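Here come two complexes built around chain A, the first alongside chain B, the second alongside chain C.
Let's look at the complex of A and B:
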């Protein structure tokens, strides 16, 4: 009683923590470190979004007219360029003159776009602060660009990550289900007791192999194989991830569906055989329909296993955050993103919060799957 | 993990009462080098003790800020906002370059291309150049491998080679240097970057030019005489007030003998 109370409390606290951190993302600006974007007061542009800012700093947009301004090229200024304009003495040893210098600089350059921290805003500020839209949920979920460390404004679009995760997991289960089901039927119905006693521990051993070992195996064996077989420029693909995850999901699928199949009452099987059906017909027409809900539960649990897997996927899918178009191209999944990036994301920053928000999305997906399993197993009980 | 580092740092700072002990903290790139020199230094100077702790460049510099280290090691130059924080805290500090670390650009050994300019590299990593034939190679798609966004190498390459532009979203991010070597060695159209020390026979490193005329290969000599352009300096930062205490170690690491390990 007490221990179950403690564990449910722990789960609840983890969930609350996850969502609190994740949702704090949507009240922050994509600009890091309290930066602001300042332009000359004569500049007609007063609003920019994160995508435009990235394009400007990648020098894909170099003219104000692409942003709805005058036909002038953009002069970029960040605080690191200060030494090109002023000497250390002019700025002052404690940066005491910096705000006025920055203000004067933007004042004298009508086509300049300057990025600096808001604490260096001059007292007699005469420029214009550009309005940057805050991070919001639609942009976060629908956005197709994932550049969490872009400067000065981060780009947080997680659509490629969500789709990548779902694609890899779905195909993993497509590979694992037929194989897993066949093994389960063989073990439950065909194999004799002695063989089963050998097979069962072997399959359970498969579940005990650390995932990093699967990942290493995938990188050394499966990735070059895919590279050669399909004659691709690159072997780290969604397909490689699906195969590795399929192998990893096998033990779950086999054990759960074998249990379901073995639950078929002996009398039903005997009735079928007595009516003249052969063994295969009995399996196909009686055993599988009877244990269908158990098999679906096995498949869904397998998907759950695949969705949350991190290390093996991180090593074999190439982790390019692009919208997945086919199985034969690199993808990036949510767990791999969190594992690879959380280590160095400054605590409390935009990137950090974005990773927590990704964790929330993953949590919601797996929770939906668990509810689905629950629903299916209740139906199973009612059928009996 | 962080708590352990914090604990070690606190113990180390508690031990600092004794002036003979020096704590060094920061970049994992600099760590092996500082560690090796510290061992030799301690052997030669009985009674002196040097503790080297990793954690990353940012960790080292923030330790400098809260006074829990004598020297911060860093694989990048101190950032403007870090300088400002030190300024706000009223801590004067000094900067020393202790070594140079060259970054090799590597391709698959079967690739004909053996030299690239900085502009070409920028094009490749930002996704503007997509085929090897555009840079004098076979008709083959370029597969770009990079480190994860968390890596210091990722930032350095972006800043110095790519002119601060962002990587293309189609770039494959690998979790470790070893994984980049493995992937480049088994992918024909691959290109990637790794620290000079990591280059193995399975991959081919190529000559790089910043001016478009003189191409140089990454090597220890070329990094030292600065003819190879993709070199990052490795720094020590220390408070001016502690200069006297750390002077013997600093002199040692900059001496001929100390530089052997760099």
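Let's look at the complex of A and C:
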């Protein structure tokens, strides 16, 4: 009673903590380091979003008219360009004259876009601070660019990560389900008791191998194999991740579906045999349909295992945060992203919060899968 | 001519001697009841005739089991699935498949390669009619078999066994899990089916044995104690054990 109370409290606290950190992302600006964007007060543009800022800095947008302004080319100014305009003496040894100089610079250049930290904002500021759209959920989920450390504005589009995760997991199950199911059928219906007593612990042992070891296996065996077979520049691809995850999901799929198959009542099998069906007809026509809900639960649990797996995937998928187009491309999954980037993200920063928000998304996906499993197993109980 | 016959039949589960030298014969188109206390070997004996005992590890069988005067165990020409087409079985608890009513009845046809749609439909209808279930289910053949009541499920299992047109029907306490009304329906059915099939029924219910069977065999501790016309077994048995069992003094 007490222990269950404590554990549910712990789970609740973890979830609350995760979501509090994750959701605080959506009240922050994508501008890093307290930067502000300043333009001349006559400039009609007063709103920009993170994508536009990146495009400006990547020289993809060079004219104000693309941003809803006048037909003038953009003069870009960052604090690194200061020496092009002012000498060290003019700025002052302690940068004490910098705010006024910056103000004057923007005042005299009607087409300038300046990015500097808000502490250099002049006391008698006469320009205009551009309103930068806050991070928001639709852009976060639908965005295709993941550059969490881009300057001056981070790009937090997680669509490639979500799709990468789903792609790798889906194909992992596609590989693991037929193999796992065949093994389960063999163990439950064909193998004699002696063989089963050897096989079962071996398969359970497979579940106990640390995922790093699977990662090594993938890196040494599967990645070079894919590299050679498909003649790719790199073997670290979604396919490699799917194969490694498929192997890792096998023990779950085998044990759960074997239990389901074993639960087929003896009377059901006898009825089939008594009607002249042979062993395979009985398995195919009676045992599998009867244990279908258990087998689906096994598949979904396997997907859940694949979705949350971090280390092995991190090691073999190549970790390129791009929209996945084929299995033979590097991809990056959500758990791998969190594991790889959390260490370098400053605590409390936008990047840090974005990783927590990713964690929330992963949590929601796995929770949805768990509810799905619950629904299936309830339906299964009702059928009996 | 005997439809079914065993000669000096011994069966062992490992070291346990479950059937001890049973010699018995059954005529075609009769109902034979196997009675006796639990563990006496009557179900084991019943399962000899469609080789259901083969599924149990460690079973050893000695002696002859004949169907239509042909040995069914030591006979290379007799395939086990062919045998099971000739010898249908109805189990103690209704055990329909998790399929529609129609597909349950069609199952035996399909696994034996009879897939022609109109033939299957016709055979399903005939079998359901024979099992006195047609009128109750004809409008819901596509529904799951689990939607039926226990008694209906058991009649469905009988229809399922009849669909492949066996000549022998083995029934292992077919009414023990059913209420009295369903039981009465099953018993009427057995009486009807006698015209076409040879029926062997295991039962714990003395009245049932008395009502439905022509001959009764009393088993006790693996021995066939007494085998005779049903009315003789129930009114004037020769063995004192039979006497006390049929009168309800033990078992």
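One rule holds in what follows: the second predicted complex is superposed on the first by the 342 of 384 C-alpha atoms of A that agree within 3 Å, B and C clash if a C-alpha of one lies under 4 Å from a C-alpha of the other, contacts with A are read in each partner's own complex, and residues count from 1 in each chain.
As a working rule, contacts are C-beta pairs under 8 Å (C-beta built on N, C-alpha and C of every residue); 3 or more make two chains touch, one makes a residue touch a chain.
For clarity, every value in this text was computed on a predicted model and none was experimentally measured.
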| item | value |
| --- | --- |
| Chain B versus chain C as contact partner of A:271, first or second or both or neither | second |
| First (chain B), second (chain C), both or neither touched by A:254 | neither |
| Contacts of A:320 with chain B and chain C, given as first, second, both or neither | first |
| Which partner, chain B or chain C, touches more chain A residues | B |
| Touching partner for A:233 - first (chain B), second (chain C), both, neither | first |
| Partner chain in contact with A:156 - chain B first, chain C second, else both or neither | neither |
| First (chain B), second (chain C), both or neither touched by A:91 | neither |
| Contacts of A:285 with chain B and chain C, given as first, second, both or neither | second |
| Chain B versus chain C as contact partner of A:59, first or second or both or neither | first |
| Those residues of chain A which chain B touches in one complex and chain C touches in the other | none |
| Contacting residues of chain A [partner chain C, same complex] | 193, 265, 267-268, 270-278, 281, 285-286, 289-290, 383 |
| Interface residues, chain B side, partner chain A - complex | 56, 58, 80-81, 84, 87, 126, 140-143, 148-151, 155, 164-166, 169-175, 179, 182-183, 186-190 |
| Chain A-touching residues of chain C, taken from the complex the two chains share | 50, 52, 55, 57, 81-82, 84-85, 88-89, 91, 93, 95, 97-99, 107-108, 110-112, 146, 157, 160-161, 164 |
| Residue ranges of chain A touching chain B (in the complex, touch as defined) | 33, 54, 57-59, 79-80, 82, 94-95, 117, 145-151, 160, 219-220, 223-224, 227, 233-236, 314-315, 318-322, 330, 332, 340-341, 343-346 |
